[in-house]
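Structures are listed in the sections that come next.
In the two assemblies presented below, chain A is common to both, partnered first by chain B and then by chain C.
Here is the complex of A and B:
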């Protein structure tokens, strides 16, 4: 390596007088710092078009050097893709974006060139290199203001195109077909009248007790949907439970308060409660102002809801939705006022807080199954049975993977290694 | 013919199917559907913010008008809200953005909102202590197991734990990486399948309680 570098330096010094073209620039055509000094490019696979991936594989000793990538289109227009990337980054993507939608056009031929340098690339040198009038686009070594730049040869023509199918998602398609089949099978089974079993969920059995207790005490019920948006599945699950709880509230002729974090959730909750009251035959009891907006600030929301709890002293507090750091602040305040609390979230980090502070907690999937449990419609029960079968299937896969890995890596048996790798590859997306 | 609830159910089914298809087809127009939908959602959310503000200010105006208990806090909220909006508008005109370093809007954010947020967040420490006290009382076998595990994990995470035994931090790490992680992943699996179930029920129109 040292010998090669010394030879290169001697060669450079000797060449200065021979190839000097002007005072600031010396150019040595076809000279490279090492063999196979080149960059490659390809269309980004499985994308919507407008993207090319440029890759390079230089010796590790050059990891701290910089690489600048230039692009030339078929009309001969040069432009800069990226400047001063660390060589160790190995790749860069040239993609169209919302700001620059026509950066890379599908169907157009592009040619890429890389400039390797120890220092960050000189702006004047770069401008000189990309100017159309200038002929300095050949590969070789350039010495500009005593800095050396190694320019690669242009890549072959690269054309970007949009894919009609994302091949990397084939395992997802297979899973989707399998899951759909299982779901449809159980839905048909439910339709045919077969009785399906759903295990007892104490937290949901307690809904009636909580609403009844609040009514007896003459206190309202508070339903907190957390700080999720209507696009979050836990918030949707929370809204479906709200529907059932509101119906009970209307039947018991009591009051429900729903402080909201997001105005879209507030509007949806207003409609859900209104519909539930109408279904229960008591639309007169519905008060739009009981479902109110607080703020979209996490701790501001926690402060607002806590304040409301302390003033209104609800007899039952439901915490159903997406919760983060404010979960315990809300649940402990609810506990301090002596309310019966039923919580549920999919955030595993918040579940211990709810378990510690609430009377009943719906853990993850129980929350998702809540509306099914409260309604107990055969078709809905069918979907729960399908989920359970899929769970068994996943458990079997885990056990198979576990056994294979023991034989593959514990006992070092080749065939099991192949099988294990095959399983991992099949499950990777 | 579609009528009544059939229309929103059909729209939900159609949109759900398009979103599933767009997950597998990156080609235009499918590839951009998610982005377009989120843009639509942002526009709708922007308008609903007006409803939110109307709800908040309306509630506090009513409290003020009726001179309800603690009406003074409603007055503080309305004054604070109005002052922030006015300052925000003035500073946007002055600096081109309300978030300029010299703007009074930034001052309000840095010296009112941030300390208030920190105050609420710091309350969590006391709530954790009170909740932990209740949770760790050794009333039955499960609670005792929880208490012992918690003590081991807490000790294993502080320098004192290593002083007691060099194995304590390793045992803590094992608890966190093996039994804790196994339980967490089990719950995670259930949640994912549950979310899938909810989505399928909504797309197929079996779950209708979200409809008004």
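Here is the complex of A and C:
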């Protein structure tokens, strides 16, 4: 026994003297903290390329250890992917981004190495490891300044590539096709002359009242589209409602002010208002300076619109679009000047403020339906009917899921468990 | 602690007070702070656009990478300026149409994905009272958003349950956000009393 121990000590001393090249660095080649100490990597599936996923599966006892991941490219250039990740995180993605587009290039071979440590990785040690000259890329145990670092072997070559299709979205495309057919069916129905019903939407009947009241008071109308861009659906819905409101404004020969957050939204709003005034037969009343740009700073915009409200004292304020933290500031100012306020947004976090401070609020989808309600065009009514059918489908899906869950978990019946799992998996896109 | 001697702390404090003066009524101090904020943010925005868009996304790819594809969005962007010339101002509708069309189109799959995630989140993964409340809440709220059915009779009763759920959720969200706003206000008061006036530590 003593002989064996002595031999082991001699072997360790020899190893240390053989492999240590720097002061304070000891290297034990091929030593691992446990069996199958390795990291794996693969191209991220269903992406646009430029991404590799690195995974590891270490014993749970190492969950509080840190893992640093290094990358080596075909030319032998080393770089750091991520430092001091908690082992419990199990994976990291090496992805090219807009800020760093050259991180992972498609078609290039990459090799990854992991460094496991109890303490955060030492910067000097890391620099030593990634420097090409030193070439400390061998797997094993490194002892640097009395801290131990376990370095995995390099992964096999991993190549990133772009996918033509995102296969995880197959349920989405199937639903899209089915829903398109439902939409087409209802559109045809509407086209064929069948009268489609749309229920009364509270607040929309007040549009005429608000515009009329402002006209009587000799005050302008203010229409705020929020801080969304023209690509945001609530902003598009807000622009559609703006068209109808502008038409009423032109009919009543009053003035509409549209302070805008985004220059493209402002330009679009100018077009919308101009067209509405022309439709109403009063293009002469249109003044493009009434639709103005404020700023693209959220609270700068809020301050600007608030100041404008206090000075212009509009009789009616419409808040229709995408709103965030500025919603209450705007709605409260509108309330304080005694304007009739009709608001609408899809931002659930802001709706409570509108409900509290405005006279009428279009909640979420009501805002989308508002444009249909105002225009009552058969084609658009068809889309509302199709949407309602989609809602019925969702409700049925939820009820089926609930029933399956009762049988699966309440009565522990295997087949229902399988069916429930199948349903849940299909929903995980 | 003593009153601040740092010039910028004084600027920040006086501007904070100028903005808060709006709570009394519109006044020249508020107007000054408002115009300053709007002006500075526009100036800052222009510089950000210049560096992050014109230089990074147009000039660099075009000059250094010889990527002539960027000429297409550049041309679309330039068409926006056609608004300044009355006889060709209609050309500005092309980039607007492109942006609106692309935005709407791109939002379709993401909206569906969001829908799937919501339905998934509603699925009762364990049987308890909470799951039942979620299922009832979601279904009744969906009924409230039925537009092609009159809200009368059974549908009307269910939709009333739905709007009750919505209002309960709004109440909770309102309280939660007000708490966050109050903490922002406390932060500002702390700045005034501590960093500026040095009354509190």
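Keep in mind that, in the parts below, the second predicted complex is superposed on the first by the 267 of 429 C-alpha atoms of A that agree within 3 Å, B and C clash if a C-alpha of one lies under 4 Å from a C-alpha of the other, contacts with A are read in each partner's own complex, and residues count from 1 in each chain.
Everything below uses one rule, namely that a contact is a pair of C-beta atoms (placed from the backbone, for glycine too) under 8 Å apart; a residue touches a chain by one contact, two chains touch by 3 or more.
Nothing here was measured: the structure is a model prediction, and the numbers come from that model.
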{"item": "Touched partner set for A:394, first chain B, second chain C, both or neither", "value": "both"}
{"item": "First, second, both or neither for A:81, with chain B first and chain C second", "value": "neither"}
{"item": "First, second, both or neither for A:48, with chain B first and chain C second", "value": "first"}
{"item": "Contacts of A:362 with chain B and chain C, given as first, second, both or neither", "value": "neither"}
{"item": "First (chain B), second (chain C), both or neither touched by A:294", "value": "both"}
{"item": "Partner chain(s) touched by A:171 [first = chain B, second = chain C, both, neither]", "value": "second"}
{"item": "First (chain B), second (chain C), both or neither touched by A:353", "value": "both"}
{"item": "Touched partner set for A:198, first chain B, second chain C, both or neither", "value": "second"}
{"item": "Shared chain A contacts, counted only where both chain B and chain C touch the same residue", "value": "169, 172, 176, 229, 231, 233, 236, 263-264, 267-268, 271, 294-297, 299-300, 303, 307, 311, 328, 348, 351-353, 355-356, 363-365, 369, 372, 384, 387, 391, 394"}
{"item": "Chain C residues within the chain A interface of the complex", "value": "19, 22, 25-26, 30-31, 33-34, 37-38, 40-42, 44-45, 80, 83, 92-93, 95-96, 99-100, 102-104, 106-109, 111-113, 115-117, 119-120, 122-127, 131, 135, 138-139, 142-143, 145-151, 166-167, 169-171, 173-174, 177, 181"}
{"item": "Touching residues (chain side chain A, partner chain B) in the complex", "value": "46-49, 162-166, 169, 172-173, 176, 179, 183, 187, 229, 231, 233, 236-237, 239-240, 243-244, 260, 262-264, 266-268, 271-272, 274-275, 289, 292-300, 302-303, 307, 311, 325-326, 328-329, 331-332, 335, 346, 348, 351-353, 355-357, 363-365, 367-369, 371-372, 375, 377, 379-380, 383-384, 386-387, 390-391, 394"}
{"item": "Residues on chain A engaged by chain C in the complex (per definition of touch)", "value": "169, 171-172, 175-176, 196-199, 201, 229-233, 236, 263-264, 267-268, 271, 294-297, 299-301, 303-304, 306-307, 310-311, 328, 348-349, 351-353, 355-356, 363-366, 369, 372-373, 384-385, 387-388, 391, 394-395, 397-399, 401-402, 405-406, 409-410, 420, 423-424, 427-429"}
{"item": "Complex contact set, residues of chain B against chain A", "value": "20, 23-28, 31-32, 41, 44-45, 48-53, 55-56, 58-59, 62, 69-70, 73, 113, 116-117, 120-121, 123-124, 127-128, 130-132, 134-135, 184, 187-191, 193-202, 204, 206-207, 209-212"}
